[in-house]
Amino acid sequence: MFDHGQPSYAEVNKDILSTMLETGPKYWMLLGMTMSVAGICFFMPWIYQLFVGVGAAGMNHNAVWGSYLSNFIFWIGLSHSGTLLSAVLHITNSPWRKSIYRSAEAMTLFSLMTAALFVMVHVGRVWFVHWSFPIPNEMGLWPNFRSPLMFDVMAITTYLTASSIFIYMGSVPDFAAVRDASTGLRRRLYTIFSFGWRGTAREWHTLGWAYTFFAVFVIPLAVSVHSIVSWDFALSAVPGFHHTIFAPYFVCGAIYSGTAGIVTVMYCLRKFLGFERYIGQVHLDSLGKLLITLSLIWSYINILELFTTWFGGTSYELEALSFRLTGFYAPLYWEMLIFCAFVPLLMLFKKIRLSWNKMLLISVLINIGMLTERFIIVATSQPRKFLPGAFGFYVPSWIEISISVGSFAIFVTLFLIFIKWVPAISIYEVKETLKPLRRNV
Amino acid sequence: MSKISRRDLLQYIGAGGIGVAGGVLYGEGVQRKVELLIPQVIPPEDYSPGVATWYNTVCNQCSAGCGISVRIREGKAKKIEGNPVHPVSRGRLCARGQAGLNVLYNPDRIRTPLQRADRGSENTAEISWDDALTTIGSRIGRLKIEGNAGRIRLLTGRTRGHLDELFAQFMNLLGSEHYQQYDFTYPSALAAANKTSFGTDVLPYYDIENADFLLSFGADYLGTWLSPVHYSRAYGNLRQGRQGQRGKTVQVEPRMSLSGAAADEWIAARPGTEGLLALGIAHVLVSSGSYTGNDRDEWSSALQAYSPSMVSAETEVSEDTIVRIAEEFGASTASLAIAGGATAAGTNAVASIVAVNALNHLAGNLGKPGGVILNSAQTFPAAAGSSPAGLQGALDLVAAMQAGDVEVLLVHDTNPVFSLPDNVGFRQAMENVPLIIALSSFHDETTVMADFILPTNTYLESWGDDVPDPGVGFPVTSLSQPVVAPLYDTLPVGDIILSLARQIGGELPIHMPWASMEEFIKDRWREEFDERMSEGQDQNFEAFWQAVLEAGVWGQPGAAAGGQPESSSSPTIAAIADPVSKFAGDETDYPFVLHPYLTATFLDGRGANLPWLQELPDPMTSVVYGSWAELNPVTADELGIEEGDVLEIESPAGSIRVPAFIFPAIRPGVVAVPIGQGHTSYGRYASDRGVNPIHIVATLMDKQSGDLAWAATRVKITNTGERLRIVKTDGVTRTLGRQILGPGNDHG
Amino acid sequence: MSTFVEKLRQYSKPGYYDEFDYHWTMTIDLDRCTGCEACVVACQAENNLPIVGEERFAQSREIKWIRIERYWEGEYPNIKMGFIPMLCQHCDDAPCETACPVYATYHNQDGLNTQIYNRCIGTRTCAVYCPYEVRYFNWFTYTWDEPLEQQLNPDVSVREKGVMEKCTFCIQRIRIAKDNAKDDDRRRVRDGEVVPACVQSCPTEAMLFGNSKDPEAKVSKMMKNTRGYTVLKDLNTTPSIVYLKKVHA
Amino acid sequence: MSISVLDALQPAKKPALIVLVLVFGLFVGAWVHGKYFSDRSPIQPIDFSHRIHVTDNEIPCQHCHIYAERTPVAGVPSVSKCMGCHNSVPSVRESPEILKLATYWENREPIPWIKVYDLPDYVHFTHKRHIKAGLACQECHGPVETMDRITRVATMKMPWCVDCHTEREVEHGRDCWTCHK
Amino acid sequence: MAILGSFAFEEDFLDAARKLKSSGFDKLSLLSPLPLEEAQELMGLEKSPVRHFSLAGAIFGAIAGFAMAVATSLVFILPTGGRAIITIPPFLIITYEMTILFGVLFTLLGFHFVSGLPAWRDRPYLISAGIDRFVVIVEGAAADQVARAEAIIRDAGADEVRHVEEDQ
């Protein structure tokens, strides 16, 4: 479990809390950089777009959905690693979960927030977006619960709420640890954050039960969220969207890209926060195996999609398929296949699986591939719908590309803020994995 | 609660104050902008806010003369529709007609009289009407006194009705006989050929509505030819208007037009040989015994030379097709042949049309339903009838201008600089004219050469009347009235002429005593009403006038048409001649035939400044905003040309650069370029957009009619290697086996 | 209570809506249609469609509630062109309607597929779901060069950026006709009293509009024509526009 | 050593109170604005009194608002209409407000009345239908006959319209396309 | 008066707790830096009542979700896509999401309710309990019992014992 020998309890506290409490100039520089990138690349173009209209993006009549939505799915997908994986591993009691789940859950939260931002960027009149929430408004008119988009609204808000609660509750004992390690304002703040946690048997017991229930709720929720996102597409008759396989496809793809995301985040935590002691090869190995499995499922579903489309043989689907495979965006399609289906097979070799740098590369490639996948779904299906006369074309504008880049900066910014507010590794759960101290050993 | 210190209290008060102020500001901020409720000072009698009223008038967007109804709300024109009681439009209207609102509310309209120091430039100075009319009036008056009135010329577009009479009278009183019309779209050759065949140059009524078999040689009767709205309505009836009887249409033209697309059969005969094809069909009609008239022998000998085999070799239409069409044509109860477009724009246009007329003779459909019905030259109220003079007239004018014989040129409603080939040199010749006055609503290419621009009211702001040409088989006169108050400091063209007459003085104001065009028209109508119609009617003139004004049209549906057409075939037989067109340019140097065509949207370019029309996808290609050159896919393949490749199209008379468009329904060896774009000056929507193919047309002429043979130019094509994106709405133009055009109708 | 249960039962029935006396229907005879595009301009004039400009046109941002699609059949010289006017089909089972999260588009009691501009938040889902691609999005707030705005029809809202729009079967004309009918104490408008701008303008009378619930209406009779078909029938959208197939002689 | 959340919260009490006061102030401000400074009762260019015209002189509404029963718009009387009566009412001819009217008339200028009831452009309301349905003007415009200066009494927001339509069971009165198009 | 005993080793701590319990000290708090099953067993904690909250929340959410979907679609009768006004399949999705949402929210509520957090009142605590010490707190011991409790704690091997005044 621990590559460099077992630390003592006190060392665990010290190691983990120090990353939070001690802040160097590098951190501020990095934070400043990501914040400015987020501001310049994401918010400024968005504000411009708010003034001129969504026409600032490259979408057009033939493809009214564009990169904003593919980014939305990507981020929702990325969110699927954390909470879902954490909950599944919690239920199945996998010990290697404990040192990575906190950041994984944070990833969930922040990618969900980023995804929600993309919904805002996507819609034409964001200033009226509250009409899609089930809250009373001045028209006395409620949202349409028959709409797949409403499923989305409900699912994502629920997911966001549940994930926040999940990560928060898991952190309460750690907030107490922060409280104990600090003074002044921070101490007061963390007293409130930790609800005055003392770590009594009753508190631990209640938290344990509650946490298990959260996990039980979150697993079906996470599955439903990406299924619902897929239904935004699959419930339309659009060739390329209208597949029954879409829900499992999206869920699998989501977990796939999310898991790859965890590898990336793990690498960064290890590298920049010095968690070598807590994040070790066992994690890498386990995640590598998981990735291979997911990659194979993903490939299988892709083959299935091609096969059913070909086998169905309708003109609509075949045209959309041939555009995808051979049309303007074909290079992207093949790039996606290489990154998501073939490159991950390298992880079959244990040597590669245990190499941090190679795993980082593979995980980043997988996520590039998954981002492409979402773009391909959105961009190659809509312009080839039913009426050939309305066939068209969609190329993202600079605004869209900039906003996509900016979204990564937002994500990193949120993450950077997170590691200064919440212990990036669960302190008490790491302690659980240590061999208990015996007086006479 | 612990005691509140003074400091704390102040803080609370401060917070509360900021809160209240913020609340007030918020309330102010979300408050709606103050809107005013402006009452009228004195409301007009028929004014109802929020309720639309319809006024009938006449469309002026082409020379068909459709009756229109304009929807007016709160004094603004909102929509133009066809006038349901008008026999030409019958309640319908084409795209161009409906875009008339863009003429009225065009942002580029000339809003005040202008004076220009240097010709061709955009720099103009505003001038008052008084100053402008005084200056112009004194110049013209001096010429008249000096006896040089012949040096005054008036050039207008197609002008009919009493405005035509006003122009004629004005020029007559001045003592100049140089009132002339030029309209690119006017079918001079058709008029000349019909004069030969039927003895009258009043355009006849082609009764497509009741025809069973319509054979069109180049005439895009659904898009641009003579009276598209009327013919479209007729076409609908021909197809599906009669129970169990569906008329058939065949179109002969090298490039599929809207009518070609609608036709059951589209025949791309070799360009310039359409007339020959007509003669070939005629030959079969006579030789097969389908024609049984007394003069069969005469026909037979006249058509002797045009055997199907010979015609087939020339036209590259198979003998079978010729025979089959002839048989169907002969066998149909009401078969009708019409000619227009490129067929009527070759060097032997008149001969070609005569050949087509021969078919009508042989089918025996003259004066019958579904055939050719002659229109009466007699109309009510009678108006002088002058016709455009075609290329010959323009050449004469150019010659006169070059020779310095023109001192004052008045131009109205025509744009010869744009719609004449460059070779004619109209623009250059205008430089020799000391004073050019444009009566115009827009800065077009001709107007920018004018020294004085007198802005005219648009047709929606003017009085007028019109005798549609071609008519509808019975006497019809439309009355147009201003439907909105003039938007700017402009005057109706008739009023300008009357004011000028007053300025010039002499006997002019005596003979032209009317204060305005309205008065003039009403006066004329009253005169004739008293003369011709008051007998046997209880109606007085005012009631009659009100009724006509309300209906927008006066007509006599029951009245006999313009008498029987020349039933004798002999003039036609005598006129049969070799109808094959000659082309400018050598076939080896210039391997392609240039096929400029009028578009349903811009016609000869006059519609190009209307944004709705610029944004209207071309019916056949879906292209908007720009020009293109159509090539057959095979030809394009051979030359390695793809859509968007910029081609240099060079004729003996000049060259243009235009992007290629691969068009599957065009004869290989023909390159078609739409007319209408390529304006250098015509407002923001038209300027610097596309090319004008008329400019590279060689100045060949049909000798008999003096009409420009605009379809008789050969060109060569070079791929410049540049690319230009063609803006169009179409994606893929094949159904891909999808049931879009109906079950079992998808041939992929 | 029983009425409540009754209502519930009614509302659980698919396809239920408070039906009125109308089911507005259009027939388009492709044998008459010549593709002249008069309808396109008529619609533009009636419904305040923007003038988008060349650049935006090139990006497929044009707004044409009715457009003509053209399809070639065959190759030169035996080539034929098929025109088909494409406008909102006012499907009874419209895919677009279920897509909208805020009810900006729904089916009203006249069998019309509505679009409420001021309710729209611009998710554009309806446009994705529409198989006929007849929903148009306002990518910008379009403006008119002065004084072209004087032409705007005051009976139709001018749309701002970020909202979807589409053919309404000229609802303003339907409303005016119904208004007139009410004034005359008639329960129904007469056949032919409501004429959308496109139908009105059609020079070949290819289009016919009316209430298909009235068996005497011209449009009901025309719908029975053996050439009648609906586009993309296999998608089961049950459109309110019946096309009449072109006759190939 | 001991822990209590309450202790930790103690220093936050004052800022929280200040924020509370601020928020309360906001509400008060908004209310005050609505009550005293809103556009519900704008000052018109002429101090026209409906009370004098309707109650004292018993002029029916549609005598002046002539378009209400036949067009979507109620319409304000034209200047000529005002003058038509006031020319023949010598008693008040010299009052300053009538003199204002006379000035407008002499200059042939319309009176720039400020709209009190203004609907957004996407609402297509018609007076005609409502008058024909037998609604009194006061149902929506309030007791105009008692007002010296006209005051907006209804919100003119959608639920206000819809409630009435529901209450009166207007046939399809809740179809969005009844008003929005 | 509360007595705090801090232990370095888990077994000593459990030992002390067991002894205290058997000696009749009921108001025990067992503080540990990580959850200890033995300690929970010792305190007699088996199934947590949180689960009732979760169930109640889920049921409430399901009913509320479905009811919301049905009720709001009846406010305005706006048919879409030929579907019924009350369409079961999509409403089930809403129900599903709301079930989870309220399940989670009620579980959270349950946690707070059962665990007694956030704790408003002052409670004895040792910082080391959050790091590496196991702490036994005996509360509510009568004055005469304090010494006995302390003896038990010390016997078990506590490395530190403290007395803290409780505020009542």
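As written, the chains take the letters A, B, C, D and E, and residue 1 is the first residue of each chain.
One rule holds in what follows: a residue touches a chain if its C-beta (ideal position, glycine included) is under 8 Å from a C-beta of that chain, and two chains touch if they have at least 3 such contacts.
Bear in mind the structure is a predicted one, so any value in this text is a computation, not a measurement.
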Those chains which touch chain D and also touch chain A: B, C, E
Set of chains adjacent to chain B and to chain E: A, C, D
Chain nearest the overall C-alpha centroid of the shown protein atoms: C
Per Cα centroids, the chain farthest from chain A: B
Maximum centroid distance from chain C, chain identifier (CA atoms): E
Between A-B and B-C, the pair joined by more C-beta contacts: B-C
CA centroid of chain A to CA centroid of chain E, Å: 30
Centroid spacing, where centroids are CA-atom means, of chain C and chain E in whole angstrom: 61
Chain centre separation (chain A, chain C; CA means) in Å: 42
Inter-centroid spacing, chain D versus chain B (mean Cα positions, whole Å): 52
Multi-chain contact sites of chain A, meaning residues that touch two or more partners: 62, 139-141, 143-144, 146-148, 150, 179, 192, 195-196, 198, 386-390, 392
Chain C residues counted as touching two or more neighbouring chains: 18, 60, 62, 69-71, 95, 98, 100, 103, 106, 119, 232
Multi-chain contact residues (two or more partners), chain B: 50, 730, 733-735, 738, 740
Arrangement of touching chains [line / ring / star / complete / other]: other
Set of all touching chain pairs, with the criterion as stated earlier: A-B, A-C, A-D, A-E, B-C, B-D, C-D, C-E, D-E
Residue ranges of chain D in contact with chain A within the complex: 3-5, 7-9, 11, 157-159, 162
Residues of chain E that touch chain D when the two form their complex: 76-78, 118-127, 162, 164
Partner chain B, residues of chain C touching it in the complex: 29-32, 34-38, 40-42, 44-46, 51-52, 54, 57-58, 60, 62, 64, 67-77, 79-84, 145-148, 150-154, 197, 200-206, 227, 229, 231-234, 243, 245-249
Residue numbers on chain D that touch chain B, as the complex places them: 14, 17-19, 21-34, 37-39, 42, 67, 70-73, 75-80, 104-105, 108-115, 118, 126
In the complex, chain D residues that touch chain C: 120-122, 124, 126, 128-129, 132, 171-172, 175-178, 180-181
